[in-house]
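So that you can tell them apart, the chains are marked A, B and C in the order they are listed, and the count of residues begins at 1 in each.
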Amino acid sequence: MDFTVSEIIALCGGRLRVGDPDFRVNGFAALDDAGPEDLSFLGNEKYINDYLSSAAGVVLVVPQAPIAREGMVLIDVENPSLAFSQICEAVQSKRPFAAEVHPTAYVDPTAEVAGVMVRANAVIEAGARIGRGTEIGPGVVIERDAVVGEDCILFANSVVRERCLLGDRVLLQPGAVIGSEGFGYEFVDGRHRSIPQVGIVVLEDEVEVGANSTIDRARFGKTTIGKGTKIDNLVQIGHNVVVGEHCLIVAHTGIAGSCTIGNNVTIAAQCGLAGHLEVGDNVVLAARTGVSKSITKPGIYWGVPAVPIHEEKKSVVFTRNGPAFRKELKLLRKEVNELKESRDS
Amino acid sequence: MDFTVSEIIALCGGRLRVGDPDFRVNGFAALDDAGPEDLSFLGNEKYINDYLSSAAGVVLVVPQAPIAREGMVLIDVENPSLAFSQICEAVQSKRPFAAEVHPTAYVDPTAEVAGVMVRANAVIEAGARIGRGTEIGPGVVIERDAVVGEDCILFANSVVRERCLLGDRVLLQPGAVIGSEGFGYEFVDGRHRSIPQVGIVVLEDEVEVGANSTIDRARFGKTTIGKGTKIDNLVQIGHNVVVGEHCLIVAHTGIAGSCTIGNNVTIAAQCGLAGHLEVGDNVVLAARTGVSKSITKPGIYWGVPAVPIHEEKKSVVFTRNGPAFRKELKLLRKEVNELKESRDS
Amino acid sequence: MDFTVSEIIALCGGRLRVGDPDFRVNGFAALDDAGPEDLSFLGNEKYINDYLSSAAGVVLVVPQAPIAREGMVLIDVENPSLAFSQICEAVQSKRPFAAEVHPTAYVDPTAEVAGVMVRANAVIEAGARIGRGTEIGPGVVIERDAVVGEDCILFANSVVRERCLLGDRVLLQPGAVIGSEGFGYEFVDGRHRSIPQVGIVVLEDEVEVGANSTIDRARFGKTTIGKGTKIDNLVQIGHNVVVGEHCLIVAHTGIAGSCTIGNNVTIAAQCGLAGHLEVGDNVVLAARTGVSKSITKPGIYWGVPAVPIHEEKKSVVFTRNGPAFRKELKLLRKEVNELKESRDS
């Protein structure tokens, strides 16, 4: 990472307010961490003090921002946060890529890997097909007849089991498991007999799956994650679940088998959904919500079992005030007893 | 997958009601997904409309089921769901197996792997012994002196640490970790000093462990999972836990150290058990239950802390009605005050 | 493992009360599991019956403990539990170590691995530097330019992504992921656009990370885990989180992005912390606590949202007594109505 201020401006479309266009930066950092050779940005008014005392060499700011100190190069942009992301992305696109199979990787002769980067100790089994521009990370396992699209990154030690289908520009973080067997048993003669799970998982284009998350293959048919949906770390998606497009599913959430989730749904961390439910488009589940009935109306839901968030907030207030209510109830009882005595005397 | 209707009938013991016994199918699918060369089944009345409009080539049905349309082959069976499973299982048993060590795998010369399939880039360390008919998946690591029984499948990138013992027909889904060190520390001189975890994990016959689940080795002695118990994905089992036979433990559940769980216990998703507890035979914990005291009486429990499910349901109703109670309490206060004024005036 | 009683005494500093100093043991076990060639210990009065009936060959006891039976060797120590740990540790330090790269491992020529044990099928990429005495387990992946200190153990299939920094004596349990990308998106034109995550993770000296736990790299700057902090299995730590020194973070806990956790904080199992919060030194969060506001005052907290534990306990009692309160409220209503009628008649 080594850029001139001019190159930075070329990447994000800003305007140099003060400083030398040939000044060089070689790192990114937050305002309070940055040194004299780092690029930083003031994305939010609330970091103004960090900005004023920052040692950063170059800072992306809005045109209205004051000058922090002499010697700091300032680049004016409309949206410093977005500009910073664009620069990072441009740099990231320099992630080294070479369409070659590492000598320690194993690629079955019947697998298709033209134009693919296969890194050390990866395994690609018979019949698998990988699209051009895709990086298969170290230790990744792609099992028989699985299909991975173009321009994907499968990070270290992730696993795609047999016959699963991944679209283009899919990301698997390290340790993600796609296509494990669903948790389905029939209790026969005093023991749990496995119900065969012969379906697959389909991840549509631009799906991202977090580190060590697990997505079970369908009993038959397919478990589907819709286009553009992003899944965080340590999430569990059961067999035959269908998740729509452009959803966000945050860490430690579990979705039981055969649920159907709409489009643009946000499921915050540590939620749980019982099996065979429907969650409609644009629903938001706040963190730790437990859903036991289908939710069709858009809105924000919270609690166990899930209700509209304003209702759950009232329940929480009620519970928290419980000891006061209890006291008041006792007092009322005493006073009513006294009133009854007065009446009867 | 390519079967004739006659072959299907041979596998599941049904009776051809209508259609050609030489008709061929090459896939499985749900009724609403199936195409003209797929086998499907009508397992439940509620899918009758999917059945009536299905494009499936062959469908397993109960004898009372109507004929959906001309050209659809129907096979009558008593239990279509079970029959379908039997067929899937028969097909799955065709999972390719060859008792050979892949050239990219590493097997220590002192390990025993006769009759074992060791796949690409697996690692089997010194002194490990693997039983006949077992498949060691790609990237799997079996550490020193571990023992794995016969006819097991250890899926990709799962790990069995040193000296752990797995019975026969055990399944580890991808990324499962058996024998990680228990979380035990003594706070000495301002820092947490590790308590050595020198025990092992024992998985008895037919235990199944889900993807990326973790089972800690005992401090000393053993952590035991009883025969036939099935564990879902992302479950954590602490050191020295003893789980009985034929239990089900669903995703994201955590069982803290030294718990003892009986036989035929069902623990639904996202439950948590504090350390050193006992849970008796036939107990059922509903999803998200938190157990902080031993439960010896069979029954269904729910809530944090766990109580019989009907009690927790009443508590939930009470909490949800909190705002109404609050209002009523205020009204009673007002009326009692008025009554007191009347009395005193 | 084969020790004489004299050797055991040399390791833990005890005093032989009864038995032969040349008696040999070859295993460790709990009192109720131990056989005649095992070493065990009586760490707690409550196990006295296990002790009295134990078949253990040698037992560490306090001087006041009775003699269980003839033929059992007894070693008196002040703290049997600690003594037992010391012996286990001494034995564990015999974990085989050889500073060599296994022939099936891949180490990039530009990586530094002098004095390091690199086990089968591990991958160490360009520019990585590993300190002396460190063991890189089977299937472990260390990506470009990552730095690992001295005397660390990275267990099987763990992953350290590019540029992350691990101190000395760090432990990663199997499957742990260090440096996955943070979960950060901007919603632009109807889709979630990734915010580049170009920072790193820093694990300071003596940090331990549990099996299949995940720690995300910072958006920029660093995610930091302070010296001596221990993290259990299946824990998720978000991007830009700063955890202090000597904390304990138990299984299934999730800490959202940009949280700052102080020193000596204990976070029990299955807790969740929303993003951008502060938790001060010496705070304890009981299991399953959900934190949505910063907590600066030391103390024990519980509930969702978190409150001091005695308050949450009262709320739980209130909720559990809900049906009784409801009944009392109905009765009061009836009686007040009667009083009003009496007054008005």
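Just so it is clear, contacts are C-beta pairs under 8 Å (C-beta built on N, C-alpha and C of every residue); 3 or more make two chains touch, one makes a residue touch a chain.
No experiment lies behind these values; they were computed from the predicted model shown.
Q: Considering only chains that satisfy the touch condition with chain A, which of them also satisfy it with chain B?
A: C
Q: Taking all residue numbers at the chain A to chain C contact, is the shared part over half or under half, that is, same or different?
A: Different residues, largely: of all residue numbers at this interface, under half are found in both copies.
Q: Degrees of rotation, nearest 5, to put the Cα trace of chain B on chain C?
A: 120
Q: Report the inter-chain centroid distance for chain A and chain C in whole angstrom, where each centroid is the mean of the CA atoms.
A: 25
Q: For chain B, which residues are shared contacts with two or more other chains?
A: As it turns out, chain B has residues touching two or more other chains at 104, 121, 139, 157, 175, 212, 234, 252, 270, 319, 325, 329, 332, 336, 339, 343.
Q: Mind listing the chain A positions that touch chain C in their complex?
A: 28-30, 33, 81-82, 84-85, 88-89, 91-92, 102, 104, 119-121, 137-139, 155-157, 171, 173-175, 206, 208, 210-212, 228, 230, 232-234, 246, 248, 250-252, 269-270, 287-288, 316, 319-320, 322-323, 325-326, 329, 332-333, 336, 339-340, 343
Q: Any idea which chain A residues touch chain B in the complex?
A: Chain A reaches chain B through residues 104, 106, 121, 123, 125, 139, 141, 143, 157, 159, 161, 175, 177, 180-181, 183, 185-186, 190-196, 198-199, 212-214, 216, 220-222, 234, 236, 238, 252, 254, 256, 270, 272, 274, 290, 304-305, 307, 311, 314-315, 317-319, 321, 325, 328-329, 332, 335-336, 339, 342-343.
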